[in-house]
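What follows is a pair of complexes built around chain A, which joins chain B in one and chain C in the other.
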Partner chain A sequence: MKKIVSILALIACAIQINAQSVTLECETSSSPISSGGSRDAADRRNYDIANCWGFGGVTYTNISPLSGSFSTQSGSATNLNPTSFWIKSPWFKPGSGNITLKTKLSSSSGSSRYLRLAYIPYDANASYKEGTRVDFYTHTFTINTSVVNISEAIPSAIANSGQPYKIIALMFGSGGSSRIMTDSWNIPGTYWADPSNSCYPLALIADADSDGVADDDDAYPNDATKAYNNFFPAAGYGTLMFEDLWPATGDYDFNDLVLDYRYNLITNADNKVVEMDGSVVTRAIGASFRNGFAFQMNGIAPNKIVSTTGPKYHGASWLNNAANGTENGQTYANIIVFDDAQKVLPSPGGSGTNVIPANGRVAPDTTNLVITFVTTSGQELQLSDFDLNPYIIVNQIRGKEVHLPNGVPSTLNNPEWFGTFQDDSKPNEGKYYKTKNNLPWALSIDSSIPYTHTTSDLIDAYLRFADWAQSNGTLYTDWYVNNPGYRDTNKLFIP
Partner chain B sequence: MKNLTLILLVAIGLSSCKKSLLEKVTPTSTPTSQKVASFNELTASDNFDWKTSKTINFTFKGINTIAPAKGNLIVTSDDKKIVFYSGNHLISENFTTPIQVPNHIKGLKIRFGSITKSFTTQSNSITFDCLPTETELKYYN
Partner chain C sequence: MRNRKIIGALVILVMAFSSCLKLPNPTEEKPTTPVKFGEIKTDPNFNWTTTRIVDIEVLGLSTRTPIYNTFKLSTKDKASVFYQGKHAMSENIALKITIPAVLDSVLMEFGSIQKTYSVANSKVTIDYIINYPEEE
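Our next item is the complex of A and B:
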């Protein structure tokens, strides 16, 4: 395989490349090689375009290539307009020495054929940043199919100038039908184009914390340990709604505990998760149980966590945390967000909190968590490692957890509850917290939505929910959106 | 005359019966499932996950480049208002991550540096590459 790149090196924080030459060999494909037909030719050309080469009316061909399996070919060069067919190099900073390439005509048909070389200076104000072309060499073909090796010095005006330029080859002629083919380009200099930025010349980026992420893209431009926010849900808050009579079914108003949540997995410039900022808003309690709320980070060992701040504890006897804030005795990291919802959102009097419109209302309570993760090389976590599994701890009984449907219980859950009353969990089949009819005890909605009044059945408030559930999620996938006819607001607690 | 009246009445009656019958059996533009009176009467299938979002496996298909360029990769909703993923990636590096997209989001825009492409959320997997789009290729043809 022919070589495209000479020597490459990434230096310091900004993209700086020290390629000694810019080459075009027409051989590299972006996808597996198939039959060697036109698809391969187009694929190779697309690869070179992605690498910032430009082609005007020029394709690739595997018919009589100049070297290797493919070469470039113009259309029939029967027009004396020099810009009929062209090949443009990427931006580069010229070195010194000769530009070399192979060329020939595809046939002996034609009156005249020419290949002209020119350079294009950088012009910040011009279209495509390309200044006025300067011609410096023209080859006149003898009308036959002999291979010609062109070798022409980089013009002294641009050699070692430190400025970005492009080289353009213009192909033109008159009469006949022969095409002009080229191959094996070698231009002395340093590649200076950015394939990720419209192939414009590379520029030093403004990067105050030197983490390699441009300030414009960096959510923490002055903190080298952080770069990106990744919010879940991506927009606004989500809502978690629990029934707490598990393993028996309840009234399905799904307001025994209602929480909003949003968390942000903060990544650094290497896309490793360094911190999780979580916000849990306790909105309503439609039960008398003193439930706790927690989440498990499925698959993440407790020792991946360095510290946890923000949980709200009120002296529950079962609390048993390690110094890093994770619960002791767990296989995976479990964070107890609060141990008693009734203490977090006390009732103003009467039954429950924020579930009966006639009663007084309490402002929702927000628990803000900050969890930091290990940053030791090789131990870091990625976004794809995170699978949060929220649950309630029912009425101060540590072993009695209620998760979302099929949420895997924590190590401290007591499995003896499974299969009792209406619960039809089958751990060996991966079925958890569902009835025989596959009904859940908890729901998670990716938007913040109103919950029901006490004893109002969820399907009476959300009028498309039943269709969604019974259709296996194919009908009314947006049942939670406030579309006309989707809600009966009389059944919803709307402050 | 009496017979004629009777025939007319029967005809009208049949016609209105037919109309109401049709209303009952003709599907509306949005289908519905079996009606139930309470949540407790619902029946869901074994594999229903009760989620209001779907997980899309997103793959960034890297391309070898002459220069090891790094760029900002960002996955947003079609209107670019909601960001589902953002990270810093080498253009040459393959990369896969799950992206959680709410059910009501129908389209995504994915941008790497200055390269932007649009996708629908119908499929469970999306692959983004840095090869030129058809529109861009027109410039070269």
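Our next item is the complex of A and C:
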């Protein structure tokens, strides 16, 4: 049965301790660095608006404030229409006692000036949920600049009613130019507005699993252990493309292994990562090597993983996993997604798979992973802990890994390959899997893109890639998008 | 005297012709477009990725009661969400989000509060304050 659970109990508890009155002091700035002058006044007004106070034709001023450094001031109150200038409190549940505030005129100019107090009941069907205003007090100013301390009882009709109300101060008058200033508001009652919900009254939220995340925001509304999906890429799939002749350079067709990927880091209501769902789509193999595919979770110890399901293994002799699915002997958690691409995506005949159109096409293969993480208090992982580092294991040689440029190798990588052939990795400088000219053996694109026919140079297919790379990523950042003039589709394998 | 005239004439000729010489202008030099991948030249710090990381600093807003809601960062059309989590409105939050390098702005949502921020720089400071005009 779907429960309607409230966060109000928690909130009300806090309110009883902290907030038995609603106040307006005009002193708190919304800006961490106050600039001074009128901007400073505007920052304070904006802060109070963010906390659900409302102002009609009323600004803040630091000229002759009633208390502290700033007060409110109306425009010149020369109109007897009472709604010309107003200050409206947030929604609150009235207590008992007196509403107090300080007020004065900015000058002795004018024929008449008034400050009227009224309350506004909640009306679910009305604009802004505000019902019909009820006036209950009017102060008539003597035309001078003396400070007046107003103290008026909350009307018995609303005191301790348990219902939400607003208090509104209306400022009006005739003649002259003086403004009406106020400060140091104190309204007995319980603050009952939600600044994150258009300042409407705090309300029950539908939260079926009682995890504190509203069902509307909860991707798992009936599972208290999960709340949010965090996908990467945020939309669609990304593409990984590898050259596998490392440490020698190859033909730069970047199709020796082509994969699409997307993963979802699922967090709970405390923003801790409880599960990772990954999808790896093996699209093409433009090589004869029997390569494996894996990823390292940089910085995450293997014992942070509880279980792993979904990898595809075909009896590789070097496979050596722990019970939780991570590879043994590693400093950080490494997940072998599959041990042999040739078994995952067998060739239909001829050379390679899905790289020569004449050879026919094999449907891409999807490997779905589910990895669960520790949820012990103090041991949990956060989104910021995740830095995934994909790589291939070349031709069943476990120590021969090829990562994205500067991808840190796993503990089981054999460092003796570094610096041989065209590789210019320099572990002591943090340089990995790049040539002397900083060219990579693998690329990651955050969109799913077509890959090249076998032996077609990548820059012959993606016509803006070279401009992008040579500009160090400042030009043609969208080189992979299918814009006019960006691709030579004759060089791309497009089913 | 005659030699002086000859030398003077030569100097004038050299100056005149040298002013016509086209000297190489460093600002006009453009990198040669490579015809093969292996000819590409990049800066050692170039990371070859189509994404970039942006540091997000959220300045919490002190509230009279604890207000919790879902804080979300997405594209302006909300089609791609880069971060979402439950936070108190008063909480200062530090995040790193990975976004497509082509993206120039992100949308922040906290309940009903929505603001758009440029991500042209690698660090963005976000708050919940709406700047209202001071009408009178």
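Some notes on this structure:
To be clear about the criterion, the second predicted complex is superposed on the first by the 472 of 495 C-alpha atoms of A that agree within 3 Å, B and C clash if a C-alpha of one lies under 4 Å from a C-alpha of the other, contacts with A are read in each partner's own complex, and residues count from 1 in each chain.
Assume a contact is a pair of C-beta atoms (placed from the backbone, for glycine too) under 8 Å apart; a residue touches a chain by one contact, two chains touch by 3 or more.
These figures come from a predicted structure and were not determined experimentally.
Contacts of A:P195 after superposition on the shared chain: both chain B and chain C are touched.
Applying the stated contact rule after C-alpha superposition, one finds that A:A157 touches neither chain B nor chain C. Shared-chain residue A:T267: touches chain B and chain C both.
Contacts of A:G75 after superposition: chain C is touched, whereas chain B is not reached.
Once the two complexes are laid over each other on the shared chain, residue contacts for A:L475 go to chain B alone; chain C is not touched. In the superposition on chain A, A:A203 makes contact with neither chain B nor chain C. In the superposed model, A:S447 makes contact with both chain B and chain C. On chain A, the surface touched by chain B in one complex and the surface touched by chain C in the other have residues 10, 15, 19, 22, 28, 30, 45-47, 49-51, 57, 90, 191, 194-198, 202, 212-214, 217, 227-235, 249, 252, 267, 269-271, 383-384, 404-406, 431, 437-440, 443-447, 457-459, 466-467, 469-470, 472-473, 477-478, 480-481 in common. Across the complex, chain C is touched by residues 7, 10-11, 14-15, 18-19, 22, 28, 30-32, 42-43, 45-47, 49-51, 57, 59, 74-75, 90, 191, 194-198, 202, 212-214, 217, 227-235, 249, 252, 267, 269-271, 383-384, 404-406, 431, 437-440, 443-447, 457-459, 466-467, 469-470, 472-473, 477-478, 480-481 of chain A. The part of chain A that touches chain B in the complex is made up of residues 4-5, 8, 10, 15, 17, 19, 22, 28, 30, 45-47, 49-52, 54-58, 90, 191, 193-198, 200, 202, 212-214, 217, 227-235, 249, 252, 267, 269-271, 382-384, 404-406, 431, 437-440, 443-447, 457-460, 466-467, 469-473, 475-481. Taken together, the chain C residues at the contact with chain A in this complex read 31, 33-38, 40-51, 59, 61-70, 74-75, 79-87, 89, 95-96, 98-102, 110-113, 127-132, 134-136.
On the side of chain B, the complex with chain A involves touching residues 30-36, 38-40, 42-53, 63-72, 77, 81-89, 91, 96-98, 100-104, 112-115, 129-132, 136-137, 140-141.
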